[in-house]
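Both complexes below contain subunit A, partnered by subunit B and then by subunit C.
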Partner chain A sequence: MSYMLQHLHNGWQVDQAILSEEDRVVVIRFGHDWDPTCMVMDETLYKCADKMKNFAVVYLVDITEVSDFNKMYELYDPCTCMFFYRNKHIMIDLGTGNNNKINWSMEDVQEFIDIVETVYRGARKGRGLVVSPKDYSTKYRY
Partner chain B sequence: MAETEENLDEKATRFKEKHSLDSDEEDDDGKKYDVLADDDIEGQEEATIEFDEETPIMPFNMREEMEEGHFDAEGTYIFDKTKEIRDNWIDNIDWVKVKHTNPDDANTGTKRPFEGSDSSDEEEDEDTKNANMLKLYESILDILEKGETVAKAIRRLCKNKAKIPSASQRWKAKKKKTTNSETSGEEDQEAVNKAIAEQKQMLRLTELCDLLIQKGIMDIYETSYERISFTIKQMQEKAENSRLTIAEKGDDGNLLDMFADDFDEKDESKANQKSGKDPNNKANTSAVEFKKPAPPSDSTKSDAAVPGMEKVLWEYKENLDSAEIKGPFTTSQMSKWADDGSFGSGVLCRKYQSEGQFYNSSRLDFELYDE
Partner chain C sequence: MPLPPALLARLAKRGIVEEDKVNKPDTLSGSTKPEEVEEVFAEDYDDPSKLEQEEQINEEITEQQSITPTAPVLLAPEVRDIVGDAPVFYETTACPNRSNPYHECVPYCKKRYGMREWDPDDDMTKRRDRMLRRYPLPEGWVEVGDYDSGRYYYWNVHTDEVSWLSPTHPKATVSKSAESLGLVGKIGNLDSDGEENMDISQDILHSDHEAEEQSSEDSDTSLSDEEEPPQQDIKRSRNRGRHAQSKKDELDPMDPAAYSDIPRGGWSEGLDQRGKAKTGVDVTASGPLFQQRPYPSPGDILRANQGLKKKK
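Right, the complex of A and B next:
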């Protein structure tokens, strides 16, 4: 489903995408279109994108094509999802110990929308860290 | 590409803390400077004799200095602050007395024990201050129309300013009147009177805003009618509560929320300005929009605020197996229950009629859903 979502092809585009969005959450999936984990995530993202278009926008970034952020965001996982609001990285307490990103693929569409909505509501109220509705600690795989 | 590099630097600080479990980077909490090695001080000599008859001989080395401090690599001498620094003023404070002056004031932080009643602002006690604020807010509310911010109201009231004749114009008009008939003159006069009344209102409004800004409400111009009425309601509730209990705490959160929302309104008004619509016209339309959040559509960007606007209702069940779903309840009700511990270790809740999955109430921040 990755071809249905907008890709960003260089660091500048990524920056602009984050900077220019004024009142929506920017959801960026870092990974590879061919990666099975990403494929699952992209499917979810595609299904979500339209439902949450009023408060969030989704972009995909190929971490081989755009390697500028790999070190900074520690993009070592096959699939990483991060959230930004008004050029601010919004952290989420997922219960995993890593509040910066979702680094697994999610299958439940509503569950993901709920997370993004929490991010949106939190960010709008000036929070830099929000708590995800669900605790993912048991899901975390090493 | 150079720009990207710059951005990278700026964003390198985006992660506020060390978060990842696998991060093998070191924390830089060590010494911030290099200490100069003793060997690097050149030309030192061993002590020879202490006294040449009566004259004391100082050895040509740094040993004595090194007992009280050290040099950094740049050669700056730094004293080792090992000894406790004494302050006579602090020593003189009678702590028993301090604690007995007024524990309540110390708690709320309005008056510190050593700040006397020298400034008149602080002399006012909290209640009268609040009452004054309430009055100011209420008089502003009288002038505003629904869905309007103060800035919009000022723009509305100034719209007809051009119709107010200057002194010379008035004089001219008077002269004309003596020669002409006054059929059209009467209509003009009516418009002028209205404009003058509006200007008076505007002056009153700016005056009130100025007073509020002096009290630290810096964003009053961007505050909307609804927000002000909400603040008034909140203040009245608070005043009632404060009669019963001494201090309520959860207030800070609301204050923060207030700012957060204003942010959006500011942006919205900015966006509207960009589209270059007639300010008055816009004020009317936004008043309509406010009450009836439009269904999601691509037409305008301000619709993005939809999930923030609608009132969220909740339903919950005690545990996973129970079939009985209670609700709907309002967000504030849920928030109250969550705060006072009625939910115990947490119940499973979800948005009313959402068909989604149930989440543990302990992980839901109801405050976020409260407008």
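Right, the complex of A and C next:
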């Protein structure tokens, strides 16, 4: 479903997309459209994009096409989801140890919307780190 | 039970046993006492037949004593101009720091410790002559006196190699000099007035011979030419040199460059440099803050990248 979502094709576009959002969370998926993990994530993103259009906007970035952030953002997972609010990176405590990003694909639409909503509420209050409603550490997965 | 000759010699030196007792074993060969002392130190204790060989050699030498041969040195005329026919000598200080590879002798060393004197052993000279008769020096080889060991060694003026034995000798080990391998200290300019206008070739000679002299310092002084130790000594020093050199070039097996395709790093590799942070996160955050380091915004990253490009 990646073709239904807005792509950003260079670093400047990514920067402007984040800068231009005044009061919405910017969700950026870094990865490749052809990647199976990303395909799953894009499906979820497409499904929830319309539902959270009042407080979040979703963009897709191809990390091969736009390699500016690969080093700084440590983008070496097939699919990485990051949240920005007012040109600021918002961290989420997912219980995975990596608070910077979601580096797996989520299938549950509602779960993802909950996370984005938490990010939005926290970021509005000026928080740089929010706690995810659900713990994604492996102890609950297995 | 007879004491081993080495022990006898030592005890005699200290006055514990009588001198005539020490001299008794070599009445057969007719060699003098100090010779015997040196001989024993050079002895290969693993080989019991060595002593007998030694005596035979001594006998041979006494037979050939009447002939006084000169070393047949074949040299190119231009080399002969510099070196001359006689063995070459290069003055060495008696400085105890000569074995220190980082030490360079200065005029003070000369003043304080004086210069070494050349007093070759008669026995050694005899053997040297015999060896040279049997195995004459090839073209380009020069005989050089080593002050430290009181022996002669042979130096190739063209290839700058040295050997304790005549290079035609079957057991000769030709190698680079110890100084060129960086194993021993150098002799600086001992005359404070300076002999800067010395011939360049002379300079080269100088350094090489000093080196060789040094390398032999720990070797025994009057070794028979048929014996192993001088060669072993050179071999050892050469191996040491090779080891020291290769150690620098050798890749540490634990170095990631040894087992992966990343380039070999310098000493500052992996250190955090300004604008070159591995990630955009705050590097000063530690402890509980470590997981709470936000990434910089995309705009900051783009500006940082731009700055890096400009620097390059």
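Here is the rule we go by: the second predicted complex is superposed on the first by the 138 of 142 C-alpha atoms of A that agree within 3 Å, B and C clash if a C-alpha of one lies under 4 Å from a C-alpha of the other, contacts with A are read in each partner's own complex, and residues count from 1 in each chain.
Criterion: a contact is a pair of C-beta atoms (placed from the backbone, for glycine too) under 8 Å apart; a residue touches a chain by one contact, two chains touch by 3 or more.
Since this is a predicted model, take the numbers as computed values, not measurements.
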Could you say whether A:D135 touches subunit B, subunit C, both of them, or neither, answering first, second, both or neither?
first
Looking at the overlay, does A:D23 come into contact with subunit B only (first), subunit C only (second), both, or neither?
first
With both complexes overlaid on chain A, does A:N54 touch subunit B (first), subunit C (second), both or neither?
first
Between subunit B (first) and subunit C (second), which does A:G11 come into contact with in this model arrangement: first, second, both, or neither?
both
Subunit B and subunit C contact sites that coincide on subunit A, given as residue numbers:
11-12, 15, 68, 72-74, 89, 91, 97-100, 128
Complex contacts: residues of subunit A adjacent to subunit B
10-12, 15, 22-24, 53-55, 68, 72-74, 76, 89, 91, 97-100, 108, 110-111, 114, 117-118, 120-122, 124-128, 130-135
Listed in rising order, the residues of subunit B that touch subunit A in the complex are 1, 3-4, 7-8, 11-12, 14-16, 19-23, 256-257, 259-261, 263-264, 267, 296, 298, 301, 303-308, 354-357, 359-360, 363-365, 367-369
Sites on subunit C touched by subunit A in the complex
277-281, 291-299, 301-302, 304-305
Quick one: in the complex, what on subunit A touches subunit C?
11-12, 14-15, 18-19, 68-69, 71-74, 82, 84, 87-91, 93, 97-100, 128-129
